[in-house]
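In the part that follows, the structures are each spelled out as C-alpha cells.
Shared between the two complexes below is chain A, which pairs with chain B and chain C, respectively.
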Partner chain A sequence: MKDYGAALASADTVSVANSSDVVSARQMVRTLAQRSGMSLVHQTKLVTAASELGRNMLVYGGGGVVRAATITDAGRSGIYVAFEDQGPGIGDLDLALTDGWTSGSGMGLGLSGAKRLVDDFDIDTGPGGTTVRIVKWGR
Partner chain B sequence: MTTDSKMPVLVETLTAQRDAFLAQWTQAVGEDLQGRLSLAELGRELGELYDSILRGLNAADFDSRGEHFAETRSLLIELSRSRARQGFTPTETARSVFSLKEVLEPSLAADGKGAQQYLQFARLLDDLGLLTTEAYVRTREEIISSQAEQLLELSTPVVKLWDGVVGVPLVGTLDSARTQVVMEKLLQTLVDTDSTHAIIDITGVPTVDTQVAQHLLKTVVAARMMGAQCTISGIRPQIAQTIVALGIEFGDIPTNASLSDALRQALKEVAQDAADDARGLL
Partner chain C sequence: MTDRVPVLKIGDILLVSIQVDLEDQMVMDLQDDLSNRIVDTNAKGVIIDISALEIVDSFVGRMLATNASISRVLGAETIVVGMRPAVAMTLVELGLSLQGVRTALNLERGLKLLRRLSAGRA
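Right, the complex of A and B next:
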C-alpha cells in the first residue's frame, strides 16, 4: 500500500477510549465520505470497516487514535483512515485474519471482514502497538 | 460567648454581628441569583450554613476537610445538589460561598489582626467554594447518566403490531447495554401479549457491524427459545452488501427489506396457524 502519511497532516482525529468514542470515530469517517461524494454502498462499507477496526483497537489495544483524511491519487479520490494503538500487538497475524477466529468473544470477522470491505488494507503490528491503515476509493 | 478558638477576633465578630452579616450575605447572594430563589429560603439555607461554619471555627481550626466542618460540608453538598437540579450555574453556586468574604471584609480587614484572620478565613471559604463545585459536577453527572438510562428505555419500544405479532423498531446504535434492554422487553412482551411472531426492524440502525449482528442474533435466538418466530426487517441494499462482505451469516433467520413485507409474512403464518386450529389440527 502506498504511503499516505502526508495526507494525515490535514486529518481529522478522534481518540478512542470508550465505546461511545467508536461511534464518534465512525461519524467522523461517515462525514468525510459523504463530503467526498462517495456512493452510499461504499460509504456504508467504509464506515462499517472503521467501526470494526475502531472497536478492535479499543478491545484488544486498549484504545488509541483514529485519523481520517481525503486523498487523491491518479485522478481518483478516496478516504484514508489510520488506526493507531499502543497495545500489546497481534501475536499471530495470519491467524487473526482468519474468518471466525477470535481471541475474544466476538464473531471473529472484524479484522478479516474489514479487509474485505475496503480497497487497500495494511497492518503493522509489534509489541509496541498496532497500526491499521485502510483506503476506500470513490466510484 | 467564650471560645478557645485561635481566631478570637474573627469568631467574636461573626458571633456578635451574626444577624447583620447574614442579612447582607442573603442580600448579596439573592442579587446574584436574580430572584430565582426567595430571600426567605436563601436566608434559611445560609443561616444554617453560617451557624455551622461558626461552630467549626469555635472548635478552633481552619481545616475545611477536618471533622469540625463535617456538618458544613454536608450542608454545602446538599446546597450544591439542589442548585444543580434547579439549573443554576456552577459559578452562581460557588459565589454563594464566596460572597460571604465580601460581606466580612469591611468589618475585619480594618486592622492588622483582623485582616490576618480574615485572610485565613478567606482560604477556608475558598476550599468550601471548591467543594460546592465538586458536588455540583457530581450531581450533574448523576443527572446525565440517569438521563442516558431513560433514553435507553425510551429508544427501545416494543409494540404490538397485530394479534400475535410484536415489532421492535430499532433506531441508532446497538450496543450491549441496549441489546440487553431490547431483549428483556421483547421477551416480556412476547409473554404478555401471547404473541408468536416478533419482527425486529433495523431501518433506523445506520451501521450493522459484527457487534450489532452478534447482538441481533442473540436476541433472535432468545426469542426462538420461547417459541416465537423472529424476523429481521429493514435490511437496506447497502447494509445487505456490507453484511455479505463482512462474512456474517444469518443462517435460517428470515430477513426482509421492509417492515411491511415482514408483517405480511407474519400475518400469513398467524392466519395459517388459526386455520389449522379451526380444523382441529392443533
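Right, the complex of A and C next:
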C-alpha cells in the first residue's frame, strides 16, 4: 500500500475508548465517504469495514485512535482510514486473517472480511500495538 | 446507561424496528429482551425490521443469527425484513451467511410469511 500518512495531517479523528466511540468512528467515516460522492454500495462496504476494525481495536487493542481523510491519486479520490492502538499486537497475523479464526468469542470474520471490503489493506502489528490502514476508492 | 431498542407486541407477534445506529451493548440487550419477551408473551413470531440500518456488521449479523435459533427453540419464527441491497451485498463479501435467518423484502411480506409458517405448523 502507498504511504498516505501525509493525508492524515488534515484528518478527522475519533478516540475510541468504549462502544459508543465505535459508533462515532463509523459515523465520521460515513460522513467523509458521503461528502466525497462515493456510491452507496462502496460507502456501505467501507463503513462496515470501519466498524469491524474499530471494534477489534477496542476489544483486543484496549482502544485507540481512528483517523480518516479524503485522498486523491491519479485522478481518483478515495477515503483513507487508519486505526491505531497500543494493545498487545496480533501474535499470528496469518491466522488472524483466516476466515473463522477468533481468539475470543467472535466469528473471526472482522479482519478477513474488512480486508475483502476495501481496496487497500495494510497491518503493522507488534508488542507495542497494531495499526490497520485501509483505502476505499470512490465510484 | 445505553438506550434499548423497543420490542412491540402486536397480537401474537413481536415487532422490533431498529431506528438508530446500534452500539454493541444495545445489540446484546436486544437479544436478551427478545428471548425474554418471547417467553413472557408466548409470541409465535418475531419481525425485525432493519430497513433503517445503514450497515450490518459481524456483531449485528451474529445477533440476528443467534436470535433466529433462540426464537425457534422457544417456538417462534423470526423474520428479518427490509435489508437494504447495499447491506446485503456487503454481508456476502464480509463472509456472513446468516444461516437459518429467514428474510423478507418488507414488513408486509414478512407478516405474510409468518402467517404462512404458522398455518403450516398448526
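Just so it is clear, the second predicted complex is superposed on the first by the 139 of 139 C-alpha atoms of A that agree within 3 Å, B and C clash if a C-alpha of one lies under 4 Å from a C-alpha of the other, contacts with A are read in each partner's own complex, and residues count from 1 in each chain.
The rule is short, and it goes like this: contacts are C-beta pairs under 8 Å (C-beta built on N, C-alpha and C of every residue); 3 or more make two chains touch, one makes a residue touch a chain.
All figures in this text were calculated on a predicted structure; none of them were measured in a lab.
Because the two structures share chain A, they can be overlaid on it, and in that overlay chain B clashes with chain C. Contacts of A:117 after superposition: both chain B and chain C are touched.
Look at A:33: by the touch rule set out above, it reaches neither chain B nor chain C. When both complexes are overlaid on chain A, the residue A:48 reaches chain B and chain C alike. In the superposition on chain A, contact of A:90 is made with neither chain B nor chain C. In the superposed pair of complexes, A:106 makes contact with chain B and with chain C alike. In the overlay built on the shared chain, the residue A:57 is in contact with neither chain B nor chain C. Across the two superposed structures, the residue set of chain A contacted by chain B and also by chain C is 19, 23, 26, 30, 40-41, 43-45, 47-48, 51-52, 55, 99, 106-107, 109-110, 112-114, 116-117. Listed in rising order, the residues of chain A touching chain B in the complex are 19, 23, 26, 30, 40-41, 43-45, 47-48, 51-52, 55, 99, 106-107, 109-110, 112-114, 116-117. Here chain A touches chain C in the complex through residues 19-20, 22-23, 26-27, 30, 40-41, 43-45, 47-48, 51-52, 55, 99, 106-107, 109-110, 112-114, 116-117, going by the rule given at the top.
Residue ranges of chain B in contact with chain A, taken from their complex: 173, 175, 206-211, 213-214, 237-239, 241-242, 245-248. Listing the residues of chain C that touch chain A in their complex gives 2, 21-25, 54-59, 61-62, 84-87, 89-90, 93-96.
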